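There are two complexes below, and they share chain A, which is joined by chain B in the first and by chain C in the second.
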Partner chain A sequence: MTTDGKKAARDQVVRMDNLIMDDLFSMSDEELLREAAENGIDVAAVGVEGQKAFERAQQIVGRNRLALVRQEMSEDEKKSPIPVDREKAQSEVNAILARNREMSKKLTMAARNEAGELSDDMDGILDDFVELGAIAQGGKDKDA
Partner chain B sequence: MSRRDAKSAVSDDPSSDTLSLEEIRAAIDGFSDVDWLRIKKAALHFSFPGRCHHEWEDLRNEALVRSLDGRRKCPRGVSVPTFIGNVMRSLTPEVDPIDDHVLRSDDVEFQQEEPSGVTSLAETPDSLTSNLDAKRMITTAIGLFEGETIAQMLFAGNVDGMEGQELRDCLELSQTEFDSKRKFVRRRLNAHFERRTP
Partner chain C sequence: MSSSAPERLLKSLGIERPEEIDLEAVAWSIGAKVKYRPLKSCEARICGYGDRAIISVDSNRMPQRKRFSVAHEIGHWTYHKGQLLVCRASDIGSFGGFRKGAVSPEFVADQFASELILPSYILTPILKQFKALNLKTVGEISTAFKASKTATAIRLVQSNQFHAMLVCHGRNGRRWFLRPPCVPDRWFPQDDLDRDSYAFDTLFGSKQEQVHPRKIGADAWFDRSEANRYEMFEHTFPLPNDEVLTLLTFTDEEMMEEWDTSRSFRRR
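Up next, the complex of A and B:
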C-alpha cells in the first residue's frame, strides 16, 4: 500500500469515528431513549453502572493522591536539615517578631496551637522562616 | 437542581479555559442515565476487537480516572460527556511505525469542533490504527449496507471526505431525508460495533 493509500485508510476510519461521535453526542436525550427502548437497552441499569464506575474512579484518584502525598512526605523526611546558626537566627526571628507585634501574636499562638510556651516552638518557627527565605541559611534576616 | 442543570452550571463559568477538578467531578457526578449510555456506546465503538486491546469498561474507567485526576482537561464550553467520549477516543491505540501497534495521543480531546466538540479530522494524528485494520474496518462497514444503496453511498461518501451539502446534493436527498439516512447509518454502525464481532 502506498503512503497515500495508508493515510487514506486511516482517514476513512477517523471520518467514520467523527460520524458516530457527532451523531451520538448531538442527538437529543429523547431520541436516544427511543432508540434504546427499541433495542431493549435498560438505560437505568447503564446509569447505575456508570455511577459505580465514577465512584471507583474517584477512589482510585484518591488513593493515587494519598500515595503521592506519602511519597512527598517520605522524601521530605530524607532531606538533610538546613544548616542554620540557631543562636543568630533566633535573635533575627525575635527582631522580626518585634517589628511586627500583631503578626507575632498570631504566629506564636498558631505555632503553639494556642497552648504552651513560645520557646517550645522556636525551632519550628526558625525552620519556617528559613524555608520562606525570611532568614538566610547563615541566620541573616533578608528584610533587615 | 436537576442532574442536567448541575452539568450545565459548571460549564458556564468563564473564569478559566478548562474546568477545574471539582467542576469536572461535579459534572460527572451529575451525569444522567442517558449520558452514561452515550459514553457506553462510544466506549463500545472505540474498543472494538481488532482496534483496541481493552474492554469497553476499561476504556471508560481509564477516561474517568484521567479526567478526575487532571491529566485530561475539559475545555470550558464542551459538554462533559462529549469530552469523556473524546478522552476514550484518544486512548484508543494508534499504530506504532515499528510494530504497527499501540501509540497513544494525549491531545485528541483538546481538538474540539462545533457544535458537539468532536475531534476534527484535520488535527487528528495521522496514525489511528494499523493500515490493515483500517482497511478491514471500512470494508466491513461498507458491507453492512449491502442492499441499502443510498445508505451505502452516504457512508462511503462520508468516509471519503465528502461534505454534508455536497453529499446530499449528490444523493439527491432533501435535508430531512439526508438526516434520517445519516441516523440510519450511525445506528447500523453502532449496532455492528456493539455486537463485538470484528
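Up next, the complex of A and C:
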C-alpha cells in the first residue's frame, strides 16, 4: 500500500472510531446497559475484566518505573561527595531557617524522636542542604 | 475501592508482595534520598529544599526501627512539605489518638508509615489465612513485612478483622490502648495492671514474652460488673523503656454484643 493509501485507510479508521464513540456517548447509561443485555453481554464480568486489565497495565508501568528508580539510585551512589566549608555551618543553617519562616515554603525539616540539640548533627544537616542546593558550595546560601 | 496515599505510592511502582516494599526506592520515586548515618540529636530527620529531600536515619538503630523511620519521614515529605517540625520522644506511638489529636503531624506520619510498611491491599489477602490473632500471627507477619512486632500488632488490630485489643502499660500504669471499631467501646481497659494478669508478671517480674496466649478472667482487665462472667485470652510481650504490650483477644461472643446504652439510660 502506498503512503497515500495508508493515510487514507488510517483516516477511515479514525472516522469510524469517532462515529462509534459519538454513538456511545450519545446514549444514556440505561440504554447502553439495555443494549448490552440484548446482545448477551455480562456487563459486570466486562467491568471486572476491564479492572483487571487496568491493574495489569498499572503494574507493568509501575515495575518499569521501579527499574528506572533503581538505575537512578545506582548512578547516584557513584557520585563523589561535595566538599563543604563547615566553618559557617551553624549560621548558614540558622539563616536559611529564619528566611524560610519569613518568605518561603521551600524548606522542609522534620526530626523524629528528637532528644538532643540540632547543633549536635549540624555537619550532616549542612551536607544535606549543600547536596540539595539550598546552600551553594563553599557555604554561600544559594538564595542569598 | 479508592487507595490510600501510601498504597497509591506502592502501586505506582508495581509493588505487590511484602518483600518488594523497597522503601529507599519508594522515597527516591518522590524526590527523597535515604542515607543511613550515625545521628546524635534524633532517630531520623528529613531536610528538604524545593521538591528534593534527604532522609537521614540513625544507622545504630534496629533494622525494623530504621525501616519505620524511613517510612515516617516519607510521610512527612508527602504531607508536610514546606514545614518545620520536631517530633519529641513522647509523641512516638501517637497512632491511636488517645494521647494526641488525630491531626497531629506525628500521628499523620506514623499512620502513613504503618500503611506504607503494611499496606492493606497486600496485607488483607495474607490475613485471610489466619483464623485467630495472637503473637505468633503477629510474629509471622512482622517477619514477612520486615516490620516491628509492635507496628504489626497495631496494624492488625486496626484492620478491624479481629475481636482484639492492644494495651500498653508502663510501671506507672496504662500508657495507651488501641480498640478497633468491631469491639464495643464499653470495654475500656483499667489504668493499672491487675496483679492476677500475666502482663503484671511480665512487667514487674519475668520481662519475658509469654510463649502462648493464656486464658484469664475479663475482670482482670475491665472494671465492669459483667466482666466477671467472661474469660478471654491475654498475650504479653515486653517493650523497651520498661513497658509491656498486651494483646487481648475476645472469645466470648456476648462480650462483642453492642448495648444500646442510650435506651437503658432513658429507662432509668
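Some points to look at:
One rule holds for everything that comes next: the second predicted complex is superposed on the first by the 81 of 144 C-alpha atoms of A that agree within 3 Å, B and C clash if a C-alpha of one lies under 4 Å from a C-alpha of the other, contacts with A are read in each partner's own complex, and residues count from 1 in each chain.
Convention: contacts are C-beta pairs under 8 Å (C-beta built on N, C-alpha and C of every residue); 3 or more make two chains touch, one makes a residue touch a chain.
Values in this document were obtained by computation on a predicted structure and should not be read as measured data.
In the overlay built on the shared chain, the residue A:94 is in contact with neither chain B nor chain C. Looking at the shared chain after the overlay, A:132 reaches chain C, while chain B stays out of its contact range. Look at A:14: by the touch rule set out above, it reaches chain B but stays clear of chain C. By the document's definition of touching, both partners, chain B and chain C, reach A:60. Once the two complexes are laid over each other on the shared chain, residue contacts for A:23 go to chain B alone; chain C is not touched. In the overlay built on the shared chain, the residue A:71 is in contact with neither chain B nor chain C. Once the two complexes are overlaid on the shared chain, A:124 sits against chain C while remaining clear of chain B. Residues 58, 60-61, 64-65 of chain A lie in contact with chain B in one complex and with chain C in the other. Note for the complex: chain A touches chain C at residues 58-66, 69-70, 72-73, 76, 97, 100-101, 105-121, 124-125, 128-129, 131-134. Against chain A, the residues of chain C that register as touching in their complex are 11-16, 22, 24-25, 28-29, 33, 37, 39-50, 52-54, 56, 69, 72-73, 76-77, 80-89, 92, 105, 109. Taken together, the chain B residues at the contact with chain A in this complex read 25, 28-29, 31-42, 45-46, 57, 60-61, 64-65, 68-69, 79, 81-82, 85-86, 89, 95, 115-121, 124, 126-129, 131, 134-135, 137-138, 141, 155, 158-161, 182-183, 185-187, 189-191, 193. Taken together, the chain A residues at the contact with chain B in this complex read 1, 5-7, 9-27, 29, 32-33, 35-36, 39, 41, 43-44, 46-47, 49-51, 53-54, 56-58, 60-61, 64-65.
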